[in-house]
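This is the structure, below, for whatever I ask next.
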């Protein structure tokens, strides 16, 4: 089980232990869970797929950014891949901070960036038996300057 | 163990089970935990005290308001009282919604209202052996119109 | 009439007690009357009164609220939960 | 030069495969050259190209990035995690 991308069911208690911090007074957790309908169509389950090597790097980057941009003390992000059933958590963003305002902001930033930047795809399976890859956000290629010749 | 105010350690997994909802795709959890310092003074622990009967009513009211004011599907709030050690959770606000924006807003509203309106008091115990009740927000007495003569 | 007064939070420190039992001769009594008596008995509370809220049972009440024999009146300082 | 191409997300459906192995005679190769060949082989990808990102190994790369013999080039459609 990787620290960022895993096929095993996500373990919130493990993430809470991992981020324990006696100097934090606020903890905000965001979780995405598989919904039973989307755009009016009854959903049976969801398959998540990742470009695992890049996804791990991106989630680590987002964790580091959260700690850099907000006055928070801990940030862990974990995303599950594979076949998920209704109600199962697909992603956790855990933030601990001295106080609540920054914990909320940082957790919101974390999940927003995951959705925009992590190379992960959802295939939605309907109770009618068919399935569909959900539309998403195009990844931005790196800026030319990052690769000087 | 009351659903809103309890002396027993808070049980997040129980709250998650209680709020399970296959139509929700987003879950936001806020937790307050006991910090090891405040205003620069090393803290050893915290005692929480409540006007239990009123506090239960207020937490239930806030849960109902959250469901009324935001397009969210589940809201549970639980506050612990008694002697808490460093790092222990004092309060949980759990919100489930279709999508994340409203889940974040609703959880933030919930904890803000708890801090303003729940008749609960913190006494901070310092490693130096002394203790202090923390300053807080005065409760508003009911408006006259609510008690017609 | 007998009224039970309960002190919460720092008011326990300010009064040195958790509760008090007060007896009144009056036929009619309001929360304000009870608070006046409490302050006479515990003058340390006087500077705090502006920020103290009152309950009867599980209800927040205004100073004009009638108090009945046997009621429990709570005095609640500013709250700091969370 | 031999390049391994991996399709992610809906691109697997659009191409009907998870990966392809492409051989090139050229001495120098860019990501753009690889993508051009992929589109020739899988014309269904052409209308999607504007929103497809490319990787070599664990790196997002620009179309000008050089590709070496044995590289694995990923084609990534818009992402929908969370």
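Per-chain residue numbering starts at 1, and chain names A, B, C and D are given in the order in which the chains are listed.
The rule we apply is simple: contacts are C-beta pairs under 8 Å (C-beta built on N, C-alpha and C of every residue); 3 or more make two chains touch, one makes a residue touch a chain.
In this text, all values refer to a predicted model and were calculated from it rather than measured experimentally.
Engineer: As a test of understanding: of all chains, whose mean C-alpha position lies farthest from that of chain A?
Structural biologist: Looking at centroid distances, C is the chain farthest away.
Engineer: Using CA atom averages as chain centres, what separation in Å is found between chain B and chain C?
Structural biologist: Between these chains, centre-to-centre, one finds 25 Å.
Engineer: Mind checking the centre-to-centre distance between chain C and chain D? Centres are C-alpha means, answer in whole Å.
Structural biologist: Between these chains, centre-to-centre, one finds 75 Å.
Engineer: Could you tell me the distance, in whole angstrom, between the mean C-alpha positions of chain A and chain C?
Structural biologist: Result: the chain centres lie 51 Å from each other.
Engineer: Could you check chain A for residues that touch two or more other chains and list them?
Structural biologist: 32, 111
Engineer: Return the residues of chain C touching two or more other chains; collapse runs of consecutive numbers into ranges.
Structural biologist: Within chain C, no residue touches at least two other chains.
Engineer: Spell out all pairs of chains that touch, sorted by label.
Structural biologist: Listed by label, chains in contact pair as A-B, A-D, B-C.
Engineer: Spell out the part of chain A that touches chain B in their complex, as residue ranges.
Structural biologist: Spelled out, the residues of chain A in touch with chain B are 12-13, 20-37, 86-87, 89, 96, 98, 100, 103-104, 107-108, 111.
Engineer: Sort out for me which residues of chain D touch chain A in the complex.
Structural biologist: Going by the criterion above, the answer is residues 8-10, 13, 50-55, 57-65, 74, 76-82.
Engineer: With touch defined as at the start, can you tell me which chain A residues reach chain D in the complex?
Structural biologist: 32, 48-51, 53-57, 79, 90-91, 111, 114-123, 133-144, 147
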